[in-house]
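One chain, subunit A, appears in both complexes that follow, with subunit B as partner in the first and subunit C in the second.
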Partner chain A sequence: MQALQILIDGFAISALYALGATGFTLIFGVSGVLNLSHGAIMVAAAVAAWAAASVLHLDTYSGALLGVAVALVVAFATYFAVVKPIQNSRRIPNEEKEIFVLTGTLLWGIMIQELIAYFFTNNAKTVLPIVEGVVDIFGVRTPRNEIFTAIVCCLVIGLLWILVNRTRTGKAVLAASMNPRGVTLLGLELTRIYVVVWAIYGILAGIAGVLLGMFLGVSSYSVGPLTASAFSIVVLGGLGSVSGSLIAAFVVGYLETVTAYLVSPAYRTIPALLLLVVVMYIRPQGLLGRR
Partner chain B sequence: MAGFFTSRLFFISLACVVIAATLPFYVSGYILGLLTVAFYFGVFAMAWDLLFGFAGEVNFGPTFLIGVGAYTAGILNNQFGWSVYLCILLGALASVVAGFVLALPALRVRGPYFGLTTLVAVLMLQNFVVVFADLTGGEIGLTIPDVITINAGANYWIALGFMTVSAAILYGLSQSPVGLVLQASGQDPVQAGALGFNIVKHKLAAFIVSAFFSGLSGALLVFYFGTASVGTVVDVAVGVNVIVSAVLGGRRTVLGAALGAIFLIVAGEFLRPTGELATFIVSAVALLVVLFFPGGFLGAALSREARS
Partner chain C sequence: MKRSSRVPFHAMQHLAGVAALALPLGLAAVAPTGALAADTLKIGVIAEAQAIAGASIPQAAQMAADEINAKGGIDGRKIEIVSYDNHSSSADSVRAFQRAVNEDKVNVVIASYISEVVLALEPWAARLKTPFVTPGAASNEISKSVHADYDKNKYTFHGYLTSAALALSVCDAAKELLVDQKHMKTAVIMSEDAAWTKPLDVGYEECLPKIGLKVVDHIRFSPDTTDFTPIFNKIEGSKPDVIITGISHVGVQPTVQWKNQQVPIPMFGISSQATNETFGKDTNDAAEGVLYQGVSGPNVAVTPKSVPFAENFKKRFGNYPSYAGYTSYDEVYYIADAVKRAGSVDADKMVEALEKTDWEGTIGRVQFYGKDDPFTHSIKYGKGLITGLMLQWQSGKQVAVWPKEVAKSELKFPSFIKVTAN
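Let's look at the complex of A and B:
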């Protein structure tokens, strides 16, 4: 009974984590950028979806779409206003660009967080779910929304897989992550590929954010923990490895759910952190990472 | 090194310290209190800069070292009532031990992985504080029975003196041959190793020095506040402020980091009337500096001087 409950809840949480972390790892794999404003973009999407319903009185579908659109806009803003200027800067030595991108996106994330807190307060916001009601799965009462979340996450990740492996644009993205110089030699514009990747990232983060808003609710305080969880999932799976982060998302999601149910919700994040430390010591490149 | 004592930077720093030392005679206790915190923060930022600017290691968890020092000192004083100075010293030593334990495995990994290991250390410490609430005071904070002194002026002088001495030692270290080896191993570890320098030993030393000053400053800070809490010495947000200070003031300058910290804290206070937008404005200014003056305040000033 409880085992089934853990299985179902853990799956929904893990799928959501996986969706959130996929975009993050994609950007790192292709352009070497660790985007520390990730949590802020997800929260911005959720808050936009919430505001669409409660301030603009739109229906839930338009609200969700608006949320994803906002995430896309913010993701582009992150790339064009913060990441690109740092990457193109001549005054920053190449070996230090990584830390500047980290600091820049971190500050950018704090700015978004503060703006959200200023205009929409710090209160937790729950987006109205698209599907409502509860179903009974072998005696476990499960909100339909939870099942919906899991299905959408899996569908989107599946679509992403098709996009990356089966389309021309996707293959260019994949090639750029393997060898940027090679791609340029083949006559593909690298900056165009980056824009495509940031667009994919924005949509993924937006969907993940809106679903999170429906499933658990968000507040401007969730920005830091969301970024941290995406970061640790991605490192656990191996930076830049999409399949690695999918596995890691499920490991972390289930570890957290099991701890919350069997030990105490207060210790929820501790086993995942311990696992992360152990993996860092034994296998610093992550589960499926390349050195 | 000898050139430093005749350089303009030395005289400007000396003048700043002398002027700062006379402040208690004519400014209010409120400003003194603000600057006292800013000075301790300055030491955090300088200790971080030694690690990042010179050893080239991005430590995302400066608050792990700060927090261990602060909480060790606070708990010893709270539980056993030992004298303040003994507690501060033991706090700094605990921080060194923690830094050593963290650095040994962490230095095996590089770049983002090192950063993450240090970040995880902070999250673990945060969880530890919350889980062992009987010992640490949990989320409410640890009450510390003793303080160094309640005189605002004396506290201010202690903080200023501590920052000046730390700055002298850290800056001296960064300009010494050891500092040069560190800088070399930060920029090209393979080549520095090929030249016969023991990189791991040097980086470990940098980590320990950084840990010592972070812990000492953290311990002094809690005895100034009279309380230790996650929000003031452990939270990731505090660590972010330390990093932003160092980048803002100018990385690889040590002294600039202190400047950045003082700016950050004083600016945050001046912007208090703007309410919730204060953090937004400070972050926006910091982002603009990062984008347009990547050298930071002191970096920009020094490079202008070098050009003229």
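Let's look at the complex of A and C:
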């Protein structure tokens, strides 16, 4: 009974982590950018979806769409206002650009966080679930929304897989992650590929943020922990490896859920962080890293 | 009038290996320097301006000051409020307190609904010899410290009920509403791990069995918790009739998840965020059926001042105040009253006058326990003074259900709640 409960709850949270981390790792894989404003973009999406319903009185679907749209806009803003100027700068030496991008996106994230706290308070906001009510799965009372979350996450990840492996744009993205110079030699413009990747990222982070807002709720305080969790999942799975991130998301999701149920909810995140330390020692490239 | 201090760098605490950078990101607007200090009473208000429970504190204080000033001030002396947003941080609060006293020359400080913050400020009130009243913190330690070292800590006043008194208030209400009316027998205590809930839980453990509610489990959880599923799951496992809550830092998330997961057990107790009218919106009305202790509430005539205050507050700020709004409003009034009686803004004279406070405010009749009581400088709890209320979220509104003198409705629960009926 409790095992089934852990299985169900763990799946929903893991699928959500997977969705959040996929976009994060995709950007790193393709453009070498570690976007530390990731959590802020997710929270912005959730808060926008909340505000759409509570302030603008839109229905749940429009609210969710607005949330995703806001994430897309913020993702583009992150790229065009923060990342691209650093990448194109002649005054920043190339070898220092990565650290500049790290710091730039980190500060950008804090700015978004403070703006959200300023305008919408730092209290938790929750998005009205698209499907309400509960179903009984072999004695485990499960909110329909939890099932909905898991299904949407799996669908979106599936679509992403098709996009990357079966379409021309996707193949260009994949090629850029393997050999950016080769892609430019083939006559494809790298900047355009980056824009596509940031668009995909924005949509993924937006969907993950809105779903998280429905499932658990977010506040401006969630920004740091959300970035940190995506970061640890991606490092655990191997930086830049999408399949590695998916596996790592489920490892972390289930480890947290098992700890919360069997040990104590207060220690939820600790075992996953310990695992991260262990992996760093024995396999620094992560589970499926390429280096 | 808002001043921002440095933003705490808490966001990335889990991220090892990333260079730590802190940036003051305050959206600062510098207050105009006003009239001469000699003919004004300057009150520093340090509060959690961005939190549901704290946001009402500076708003209510400003409202009281404006009302008093409109009537000519205190014997001609105007009140000036200087607000500081502490971002719910003790470090920011201490800096704000120092700045308030040393640079902005305030005469008295009203600060915070968080016990950790108030306990951090208490020694500063002593060092800087500045009277200091909290509108919303509850820890017993605040007034116990005044009792333990009166000469040093006499500057601190506890303008809200102690955790011990809060537990009593919840038990008194539970006796009538849950035990007598609904014949409930068992309870689980669910509280966040914070300074104010330690004495609260001790109080609950002591008084719940006395009124006939057996405590079958006791869950304390981290205020960082986001997923409450395992907690509700564990509570349901021990099959209690009611969940007795002690929550303030959290509120929206457990409430929404309680509703989404359709946990069939009512929640009853302290839920600070639920005291603010904005809680309904913040939870998308998941608050329906939640029972919370309050010192006052919308449409509840605790005293003749309660309803007009709540209505005027709503007119001005768009929502009914949180519990700390009522106390903060009263505090400005009884500080003004003390200054009037003392005829001076001298710190020691103000302390003496505040000790003699006998003020009918929006939450009841305010008097402070004396030097010889264990909770020195805390407001007195009891009939004819302050007893607290029990309110319930019903059809999106906060409705008083206890005590019966002010009750407007019976208990009502959403359909997923199974109440052990008569």
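Everything below uses one rule, namely that the second predicted complex is superposed on the first by the 291 of 291 C-alpha atoms of A that agree within 3 Å, B and C clash if a C-alpha of one lies under 4 Å from a C-alpha of the other, contacts with A are read in each partner's own complex, and residues count from 1 in each chain.
By our rule, contacts are C-beta pairs under 8 Å (C-beta built on N, C-alpha and C of every residue); 3 or more make two chains touch, one makes a residue touch a chain.
Owing to the predicted nature of the structure, the values given are computational and were not obtained by experimental measurement.
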Partner chain(s) touched by A:110 [first = subunit B, second = subunit C, both, neither]: both
Which of subunit B and subunit C A:13 touches, first, second, both or neither: second
Touching partner for A:187 - first (subunit B), second (subunit C), both, neither: neither
First (subunit B), second (subunit C), both or neither touched by A:102: both
Partner chain(s) touched by A:139 [first = subunit B, second = subunit C, both, neither]: neither
Partner, of subunit C and subunit B, that touches more residues belonging to subunit A: C
Partner chain in contact with A:273 - subunit B first, subunit C second, else both or neither: both
First (subunit B), second (subunit C), both or neither touched by A:224: both
Common interface residues of subunit A - those touching subunit B in one complex and subunit C in the other: 99, 102-103, 106-107, 110-111, 114, 117-118, 224, 228, 231-232, 266, 269, 273
In the complex with subunit A, residue positions of subunit B that touch it: 52, 56, 58, 105, 108-109, 111-113, 115-117, 119-120, 123-124, 127, 130-131, 187, 236-237, 240, 243-244, 247, 251, 276-277, 279-280, 283-284, 286-287, 290-291, 294-295
Residues of subunit A touching subunit B in the complex: 34, 82, 85-86, 89, 91-92, 95-96, 98-100, 102-104, 106-108, 110-111, 114-115, 117-118, 224, 228, 231-232, 235, 239, 266-267, 269-270, 273-274, 276-277, 280-281, 284-285
In the complex, subunit C residues that touch subunit A: 7, 10-15, 18-19, 21, 23, 25, 27, 50-52, 55, 87-88, 193, 220-222, 224-231, 233, 250-253, 256-257, 260-262, 273, 281-284, 286
Subunit A residues within the subunit C interface of the complex: 5, 9, 13, 36, 53-54, 99, 102-103, 106-107, 109-111, 113-114, 117-118, 121-129, 132-134, 141, 143, 145, 216-217, 219-225, 227-229, 231-232, 257, 260-261, 265-266, 268-269, 273
